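In the two assemblies presented below, chain A is common to both, partnered first by chain B and then by chain C.
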Partner chain A sequence: MNNPFNGRRWRLSDPVLEVKNLSVEIATPSGLIRPVDDVSFTVEAGRTLALVGESGSGKSLSCLSLLRVLPQGARVVGGQVSFEGQNLLELPEAAMHRLRGRRIGTVLQDPHTSLDPLFSVGQQISEIIQYQQAPARGVARERSVEAMRRVHIPAPAERYHSYPHQFSGGMRQRAAIAMAVACNPSLLIADEPTTALDVTLRMQVLRLLAELQAEHRMAMLFVTHDLHIVRYFCDDVAVMYAGRIVEQGPVEQVFDAPAHPYTASLLQAIPKLSRRRTRLLAIDGQPPAFSALPSGCRFAPRCPLAEPRCHAQYPEWQPRAATLNGSASGAACWRSEELLDGRVNIQ
Partner chain B sequence: MSAFISLNDLHKVYRVGGGIIRPGQPLHAVRGVSLDVQRGATYGLVGESGSGKSTVAKMVMGAERPSAGTVHIEGRHMDGRKQSLAWLRTCLQPVLQDPYGSLNPTLRVRELIDEPLRIHRKDLTARQLILQVNNLMDKVGLPASLALRHPAELSGGQKQRVAIARALALAPQCLVLDEPVSALDVSVQAQVLNLLHDMQAASGLTYLLISHDLAVVAHMSDHVGVMYLGALQEQGPVDAVLESPRHPYTRALIAAAEPIRGSLTEALQGEVPSPLRPPSGCAFHPRCPAATQRCREQAPLLRPVAPAHFAACHHA
Partner chain C sequence: MRIDRYLAPAFLAVVVLGALFAPWLPLFDRDAIDLASALQPPSGLHWFGTDNLGRDTFTRVIYGSRTSLSIVVAAVVAGGGLGCLLGLLAGYRGGWFDAIIMRAADLQYSLPPVILALVATVALGTGMVNLVMAISLATWPRFARIVRAEALHLRQRDFVLLAELGGASVARVLWHHLLPNMLTTVMVLVTLDIGLIVTLEATLSFLGLGVQPPDPSWGTMIADGRGYLSQAWWLTAMPGAVLVLTILAVNATGKLLRTRNEQPVQRPEVALV
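On to the complex of A and B.
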């Protein structure tokens, strides 16, 4: 299969997923809006890319457009998505159907919505194996018990016949993960997989995901709004604001020295255990509506460092020194260099 | 100095699954919670879902009657009678998690904020009402231009500000904040936490803060209480509890709140047991890395481990 970007065959050492200049538009009564605008990122085998941002920043919509399951009224209007060398946006629907669940697994926030209450958990895992791999009779069942064992559901053979309501919240999310990884996908898209869970369960699920990833060098696209989880769990991070990626890079680099004022402010806005009874650095105002985007940088109206040119012109991508694995890192900010070398700071 | 809120051995038992003939099974949602909230200070109650923290808040607000134990507010015994409830409303107001659910969608911002005044302060003239509302909106940082909007036209942060302005309308001395920022995005969460912080500094409000987020509780509170399966496992001054936690559950919560990359801090095994079938002995023993035979047999009592610092653990 030839890579749509460079025309050569996709190799195992190439990124599993490459997204370039992806844009999504939605028709609303008040006109067309573009909640995903010119988004580019790559995810490599065995690595986890975090897509972080606040609600409405376009992170979930980006994932849905990769899977081609956008809600009605929304459509991809530009860009390319290369998954293992195939352009997902041009694939026939039947081929796409065979990728979902087999090569690309999905875990969503709320396990209630991903499990059908009318079928036993085991049946639901079998179903996807049967559909994607069509093994001999009885084998699907064996494999689904195996999948349940891999996600540490105790006594999987007995729990095969349990219904979702008989599972606790943590077990339901494990079952949903078992469905997602049953066919050993090379890419797992996890959209806020731990948000609905209590903190102690959150840790268990993250550890499970790390374990599963290590088994098959699975690439993972991890959507979250929780910066603590990003720092703990992910390798690379792309920060989204108002439909655009404003900063991207390896987690340690971005967290230790953010190159975009939005990232810097977010990091200071989260309460920390060590900073007690003080004021937090709050970002004034709120994100712009997509129907009334500012003409320049979208963060400029809230940005403490904004200058006239920030309001006039959307900043060019300012790359940072290439990193070990060569991933694109940088920020869309006119003043990122000043921010990085300490000439200005966010206080 | 007497406490503003004083809870003494509070219990709440619900009956679940019962019918006309057979009474339901008892569900012990809160078992023996005692705590004091000092005037002008913040007491933070942290716990996971099902720990009973919101039930405690409801009993403090008078929305639930305790099955046993007492609630004293400013030294007055809250016995659930109409007079004591009416008095309670003027000195203590709730701010709840979901600003979407707690604001009537058919009312405008102005009406939402002056509603408590129209009920409790019938002496105010229309003009005074308007002034009061403007004042309150200003206090919580809502632009006056929003006064005639409906909740659906506001952002999450603005809605939570309306909820706070409404809670402040009767000039209460205390706010019960039940997950006040859980539904908000990080940048807006910081705005609301700062607002609460500034209001307390300016007018000496007392807060009872309920949250599942230890970082939020640590950030806001003077005193913290850690709840698990209906009971307090540890309580004390925030610095003591966070810097030298004595209960293994508190340690696990701290490790989970800010996990450190690469460090294999033990994730707790298992899940919170059903409150319908609580474990024998210490409620936490099935998940506790340090549990011994004694923990399985005998429930530990909350006992002092340092000045003003209490933990319910045999090994604390």
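On to the complex of A and C.
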């Protein structure tokens, strides 16, 4: 299969997922809105890209559009999505159907609704294996017990027959992860997999995900709004604001020296135990409504560094020096250089 | 365990068993004409009396339940099945399909089911199959509407999305994930529907558009007895009473099932108070 971007065959060393200029529109009674606008990112094998942003910034919608399961009224209006060299947006539905579950696994936020209450956990994992690999019933069962063991569900053979309501929240999320990785996908889309969990369970689930990722060099797209998790768990980060990616790059680079005032403000808004007695910074105002977006930079109305040109024109992408692995890095801000040089400061 | 709660299911069981095993029960011949013992009131020999041709009314009520109940079963399967299928697809697929199905259901809803079934039997002609079709035509919208609403609600749940993402086909999602999760609702609908179908069947048969003589059904028996109302009240009253009691029993049983299903949900609420 040739890569739609460069015309050559996809190789194992190429990024697993490449998204270019993806845009999604939704028809609303008050007109078309574009909650995902010109979004580009890449995820490489064995690496984790965090998609960070406020609620409604287009993170989940971006993921759903990769899988082509958009809600009614929403449609992809532009861009390309290349997964292992195949353009997902142009793939026939039948091929897409084979890809989901087998090559792309998905974990969702709420473990309480991600399992069907009427079937045992084991049955549900077997079901996924049945769809994808269609082995004999006994084999599917063995494999699903194996999948449960891989996610460290204790006594998996006995727990096979347990129903979701007999599982605790953390255990349910493990079962949901077992369903997602049962067929060894090369890409795992995790849409806020730890948001609904207890703080004590988060670390366990994250460790589990890291472990599973290491086993098969799985690429992971990790949607979250917890910056701590991004810091300690992800390799790259893409920050979304009002449907657009405003900054992108390796986690250390972005966190140590943010090139976009929005990222900088977000990082300032994290409470830190070591920095006692300093005022916690908050970002004034609200993100704009998609039906009334500012004409220039979407963050400009809330930005402490906004200049007249920020309000007039959407900033061009300002690339940063190439990093070791050569991943896309930069920010959409007219003043990112000044911010990086330390000539301006958001406080 | 209170006995009166089980009265309705017990009565229903007797009616159903009677219908199932009628040919093996020690009954009279349902069609044997015996003019010498015509129009006899209820007695030890003829429990429900005899009709103008001397046929045993009790026997004919039992055989009538056979006809009536088989029509009920067929109509529930056909009408309920059609309604569930269309409702599931409409709720799951949405869009123009949903719009068409639901407008069709609305259209039917605006007409009383009896009128609709009446028109359908007139158009299709009489006979058991046509009768079932006519009744199904009148009852599917109720299933379609409620099942659609349930499907819309369940479709939002993550496990349905995950099943799709896991590679389940549309049929699999509908059959395996949506339908089992709305089974309680469908069961309640079925119990409500049975009452309506029994009434519809009796109404159509009463009007001569349903079951044709000499096959007995509760509706035809009530219609036949009407001419002798002043001399032989039992000809209409007995099948009428069985009809009313059956409908009541079905509704009571439905309610019993419903409360039983709800118990586990209610318990924590009570504990909170």
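Going forward, the second predicted complex is superposed on the first by the 342 of 347 C-alpha atoms of A that agree within 3 Å, B and C clash if a C-alpha of one lies under 4 Å from a C-alpha of the other, contacts with A are read in each partner's own complex, and residues count from 1 in each chain.
Criterion: a residue touches a chain if its C-beta (ideal position, glycine included) is under 8 Å from a C-beta of that chain, and two chains touch if they have at least 3 such contacts.
Note that this is a predicted model, so its numbers are computed, not measured.
Placing chain B and chain C on a common chain A by superposition gives a fit, with no clash between them.
Once the two complexes are overlaid on the shared chain, A:His228 sits against chain B while remaining clear of chain C. Looking at the shared chain after the overlay, A:Leu67 reaches chain C, while chain B stays out of its contact range. In the superposed model, A:Val199 makes contact with chain B only, not with chain C.
When the two complexes are overlaid on their common chain A, residue A:Ser13 makes contact with neither chain B nor chain C. Contacts of A:Leu115 after superposition on the shared chain: chain C is touched, whereas chain B is not. Contact with chain B, but none with chain C, is seen for A:Ile270 once the two complexes are overlaid on the shared chain. By the document's definition of touching, of the two partners only chain C reaches A:Arg102; chain B does not.
Annotation: apex chain A, arms to chain B and chain C, angle 80° (C-alpha centres, rounded to a multiple of 10). Aligning both complexes on chain A leaves chain B and chain C separated at their closest CA atoms by 6 Å. Of all the residues in chain A, the ones that touch chain B in their complex are 54-55, 168-171, 198-204, 206-207, 225, 227-229, 231-233, 265-266, 269-273, 275-284, 286. Looking at the complex, you find that chain C touches chain A at residues 94-95, 157-159, 161-169, 172, 176-177, 180-181. Every residue of chain B that touches chain A in the complex is listed here, in rising order: 48-49, 155, 157, 185-191, 193-194, 197-198, 212-216, 218-222, 238-239, 242, 252-261, 267-269, 271-272, 287.
Across the interface of their complex, chain C is touched by residues 67, 69, 72, 97-98, 100-102, 104, 106, 108-110, 113-118, 124, 127-128, 131-132, 176, 179 of chain A.
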